[in-house]
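Have a look at these structures, which come just after this line.
In the two complexes below, chain A is the common chain; its partner is chain B in one and chain C in the other.
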Partner chain A sequence: MISSINPTVKAGAILVPGVLLGLMFDIFTPLVYLIFIILVTFAFTDISLKRWLLIFSPFVLFIVSFSWTRMLYTSESFQGGAILFEFWYFQVTTEALMVSISLALRSLCFIALSLLFILTTDSTKLMLSLMQQLKLPPKITYGVLAGYRFLPTFKHELEILRQAHRIRGVGRAKGIKGRLQQFKRYSIPLLANAIRKAERVANAMESKGFTGDRNRTHYHEMKVRRRDWVFFGSMVGALFLTVFMSYYFGYLNIFGREIN
Partner chain B sequence: MTNKWHLKEIVLLSILGVVFAVIYLLAYGVGQGLVGFLTPFGLGPLGYEFIFGIWFIVSIIAAYIIRKPGAAFTSELIAGTVQVLIGSPAGPMLIISAAIQGLGAEFAFAVTKWRDYRLRVLIAAGVFAAVFSFVWHFYQSGFFAYAIGLVAVMFIIRIISGALLAGLLGKWISDQLAKTGVLRGYALGKELQKKRERNDAA
Partner chain C sequence: MKEMTQLKPLIEVDQFSFDYEQLNEPLVSEVSFNINKDETVLLMGSSGSGKSTISLCLNGLYPEAVEGVASGDIFFKGNNIKDFEKGELNQNVGIVFQDPESQFCMITVENELAFTLENIQTPREEIAPKIDQVLETIGMIDYKYHNIHELSGGQKQKVALASVLLLDPELIILDEPTANLDPVSSLVFVNLIKDLKLETQKSIFIIEHKADDWLTFTDRVLVLNKQGQLVADDSPKSLFTTNKTLIENEGLFIPKVYQKQMLQPQNEVKNETSEASMVINDLSFSRKKTLILNSINMTLNKGEMIAIVGENGAGKSTLLQLMAGILKPKKGNITFLGHSLQKWKEQKLRQHMGFVFQNPEHQFITDTTYDEVSFGMTLNGYSEDVIKERTEQLLQNFQLSAHKWSNPFALSGGQKRRLSVATMLDETPDLLLFDEPTFGQDAQTTDELMTIVKDLQAKGTTIVFVTHDMDLVDLYCDQVYVINDQQVAFEGHPHQLWKQDALLERARLRLPDRLRHGQEVGETYDLVY
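Now for the complex of A and B:
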């Protein structure tokens, strides 16, 4: 199961294909890889289809918007081919349509990859793994974890602020100037409180003997096992295989240059 | 780098990263709204550009308050990582863009050798964050396939947004915070304290 893969290796397995996909400008490569990611998602995790679709589908809408623009404003390198349709002063050619579909599929790949990561990764384990595998300084990792734990209290504090304002007769703001005033009234005290907390937490950590020394022991030891590398290898390998297939069938297009 | 830092400065960086990660996530909602509004005109991608500066703001605030090398970069990186912890749909790729934006802001402070924190440097930090992030998106989001005119307009809007929403707003927020007195233990608060003492003496 992917939820038990080491978080740092998992992040690498998402990042490497994510960055490499930026090179591809054909339809075949991102489409095949997208299908691969979706297959992996449902074969090796227990994410339900409904939950996945609920998060995934709003992005489809959003990506359609981007592709629409891309199709209307395509750079010169992608303006060849027959004219499909014209309106206002726009001309949409087959190549423009192709590249906008390719970029839309690429964005869908990014989102599918991201969901594969965030829906299977525990945030504390990710930080612990970043500290133990990537040797991030413990001062920063524990600082972030402490800050992260404060998140729920911010909501509570906002509620208190609101009530405090109401009790003193400060109502809801009207107009743009009022809104700006209101923004200042809420944001500055919230941030000020957060800073006070940071100071207190730092004092508490130091008084309990936290020195930030890198030579420390860990209660939860995060290890990299062989199957973590198998996962990494198959995510990256699948992309190379897809690129090879796309080259073999003559679809491959890297930065507007067709390679075959 | 972390050896020269006080623990409280690092925890402050982290808390700022956490707070602004939430704001960054909310900004996505605003951006999506703008995109939806502009789509019928065929200008959807411009929606994000108008508010892009907000995603650089923690660099400017952290660097302005703490005034040490690495503050701009680290705070942005933390904000990016925390967004992943909270569960941003942009996922781990966000850490890369955060690092690149942070480097952009850090670059402006590095040029002044981390000594100058006047408004113009803060604005330059916002602008450089915009430039660096644009180069990355040029690759990652395939701006390469856009018409050159549209890319130019996006670039200019992003730079202006970086200057105003990150540079100017970042300074304003930090100054307001310094006035409340919570920053007494940090470089910005100390500077304000000195100024006050000088004014009292005069």
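Now for the complex of A and C:
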């Protein structure tokens, strides 16, 4: 199961293919790799199809519209090929179409990869692993973890503020100036409270003997085991295999240069 | 101090002063006292007197952490605390803080406790057994894997205590640990400390503005005045019997067992009923499929003071928000002054009804105290002269004239509370709702607030409190509603409520002090309901 893979190695297994994919300008490579990611997602995690689609689909919409504009405004170097259709001021050529489809597929790959990471990684374990594997200073590690705890309280407090201000009749303020004023009214108490709380937490942490010293024991030891490397190898290996296949079939296009 | 003289005190504070900026008028001024081994010492002082600051100085965090300035010395077992390595003193002096929400950095109970043990470099294989052991001690072994933010306030404070116990300190400092807890939870916490004290013989330093619950095992009481000077260091008995005026002058609560004359309720049962101000009919409310309130019926009469009580999470605050029209009911309706709440125009409704939130800061929307008070009147379109006159008047009545041009956030706790009420009074409202108005306030602030409220009540305003403070209910309220199991479990005069033992226990309520009177110091109180 991917949720038990060491978070740092997992991050690497997501980042490396992600960056490399950014260079592939053809359609075949990202398409095959996207299918691979989706297969991995459903074969090796507990994420339900419904939940995944719920998060994934809004991005699809965004990416389609984004790629559409990209197709209409392709740069000079990608405007070769036959003209597919023309309307108004726009000319859409085959190459422009290819480039924008490729862009869309690459973006979907990034999103599928990110989801694979986000939905299978526990935030505490990620931070602990960054501290133990990448030697992130404990000050930052535990600072981030403490901050993470505040997110729900923040939301709750904003809710109360809204209500309190509504009682005072602030909802009646209108216009851009009014909105700006409103933003200021929310941010000062929120900030004041956040600073106060942060100071309290810092005091509490230091009172529990925390000094920020790297010399500490670890209750949850985050180990890098063989299977973590197997996972890393498979994710990166799969990409190379895809690239090789696309080279073999003559689709490969790295950074706008067709490689045959 | 007879046989103690040979032994070095655990903590010795010598002519210690502290301030965040400079020592001309320091926050803590030339304080000297000792804490001996096995002793329980209680430090009292009104809000803003620098009590909490002292606790952070004792474990060496201050003045360094805030770049404050200090003079004088603090010794731990005869060694100056300045000579300790960073983190070393913290292991000997553990603190449980006031705010249950902001003293943890991990998500689960297990990881939070592990964090403490990792800090003091406990070998990994010893961590798990130690966690289990301390959770047994505080009776929370079943919550090992729970998320901290899902626990109740009382449970959070127990987890905070557990972290401190893991350090195995020689001195435990409790900085108003029960200020944010409901009455029963706070009693549970006090009893836990007491058992612990009997078992482990650790020294305990308690910071509180209300001493009552701690008295049974307190050896000595220190009093800090508003100027940050130590004005008393005495046994509880001698302090509270011979030096009462001193305590009262500082705006602190005299423990009820030492009060000769208890305040007597002024809220006699009235026979004639006045006109209804608000009628709630068959009201239900749910949040994400969980039913919070089920078929609530209430009638709030003009000029009455009404309390809504019940345990934490019973839906009291939700009910108040429904009354204010800031939440929409799922079923049923609320009538205010003869019209359905939904039919009211927002602006008109806010003129006739006020709502005072638990945290006054949430209600502040302008940069000065003056603007804060005049804000509502400006919105209502009053003329300049009327606004000026009325604002000045209100500031005068609420003793805020001197701070007219201060930023509301810079006021003291009591001033903020007064201002938050003043902002609701641009017109005398027909209904004024309060969410936990006396939570964590000292005696003086509470008294000031009640004077204002009684005055409004006399003018015909209906007052509604959501509160845990049974003394408040007992002394002032005409009508009390107990919310339990999503329903109104009791409605009637407070004096009738105190007779319902079974209900009080079910709703986790405590009897008011007046009725628990007669207990002597040293007598253990059980969980008295």
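By definition in this document, the second predicted complex is superposed on the first by the 248 of 260 C-alpha atoms of A that agree within 3 Å, B and C clash if a C-alpha of one lies under 4 Å from a C-alpha of the other, contacts with A are read in each partner's own complex, and residues count from 1 in each chain.
Going forward, a contact is a pair of C-beta atoms (placed from the backbone, for glycine too) under 8 Å apart; a residue touches a chain by one contact, two chains touch by 3 or more.
Just so it is clear, the model here is predicted, and its values are computed rather than measured.
Trainee: May I ask you to decide whether A:Phe66 touches chain B, chain C, both, or neither, giving the answer as first, second, both or neither?
Mentor: first
Trainee: Does chain B (first) or chain C (second) touch A:Leu105, or do both, or does neither?
Mentor: The answer is neither, since A:Leu105 touches no partner chain.
Trainee: Could you say whether A:Met131 touches chain B, chain C, both of them, or neither, answering first, second, both or neither?
Mentor: A:Met131 sits against neither chain B nor chain C.
Trainee: Which partner does A:Ile188 contact after superposing on A: first (chain B), second (chain C), both, neither?
Mentor: Both partners, chain B and chain C.
Trainee: Applying the touch criterion given at the start, work out whether A:Ile167 contacts chain B, chain C, both or neither, answering first, second, both or neither.
Mentor: Touch status of A:Ile167: second partner only.
Trainee: Examine A:Gly18 and indicate which partner it touches, taking first as chain B and second as chain C; both and neither are also allowed.
Mentor: In the superposed model, A:Gly18 contacts chain B only, not chain C.
Trainee: Contacts for A:Ala202 in the overlay, against chain B (first) and chain C (second): which applies, first, second, both or neither?
Mentor: Both: A:Ala202 reaches chain B and chain C.
Trainee: Tell me which of chain B and chain C touches more residues of chain A.
Mentor: Per-residue touch count on chain A favours B.
Trainee: Thinking of the overlay built on chain A, is A:Val32 touched by chain B (first), by chain C (second), by both, or by neither?
Mentor: Neither chain B nor chain C is touched by A:Val32.
Trainee: Kindly classify A:Leu252 by the partners it touches after superposition: chain B alone (first), chain C alone (second), both, or neither?
Mentor: Neither partner.
Trainee: Across the two complexes, find the residues of chain A that touch chain B and also touch chain C.
Mentor: 123, 146, 148, 188-189, 192, 197, 201-203, 205-206, 210
Trainee: Which of the residues in chain A end up touching chain B in this complex?
Mentor: For this pair, the touching residues of chain A are 11, 14-15, 18-19, 22, 25, 55, 59, 62, 65-66, 68-70, 72-78, 90, 99-100, 102-103, 106-107, 110-111, 113-115, 117-118, 123, 126-127, 130, 137, 139-140, 143-144, 146-148, 150-151, 154, 184, 187-192, 194-199, 201-203, 205-206, 210, 212, 255-256.
Trainee: Which residues, counting only chain C, touch chain A once they are in their complex?
Mentor: Interface residues on the chain C side: 56, 59, 61, 65, 86-87, 90-91, 94-95, 97, 99, 101-108, 111, 114-124, 127-128, 148-149, 160, 163-164, 167, 321, 324, 326, 346-347, 350, 354-355, 357, 359, 361-365, 375-376, 379, 409, 423.
Trainee: Which residues of chain B touch chain A in the complex?
Mentor: 2, 5-8, 10-19, 22, 32, 35-36, 39, 42-45, 74, 78, 81-82, 84-93, 95-96, 139-142, 144-151, 173, 176-177, 180, 182-183, 185
Trainee: Which stretch or stretches of chain A touch chain C in the complex?
Mentor: 123-124, 142, 145-146, 148-149, 152-153, 157, 160-161, 163-172, 185, 188-189, 192-193, 197, 200-211, 213, 215-221
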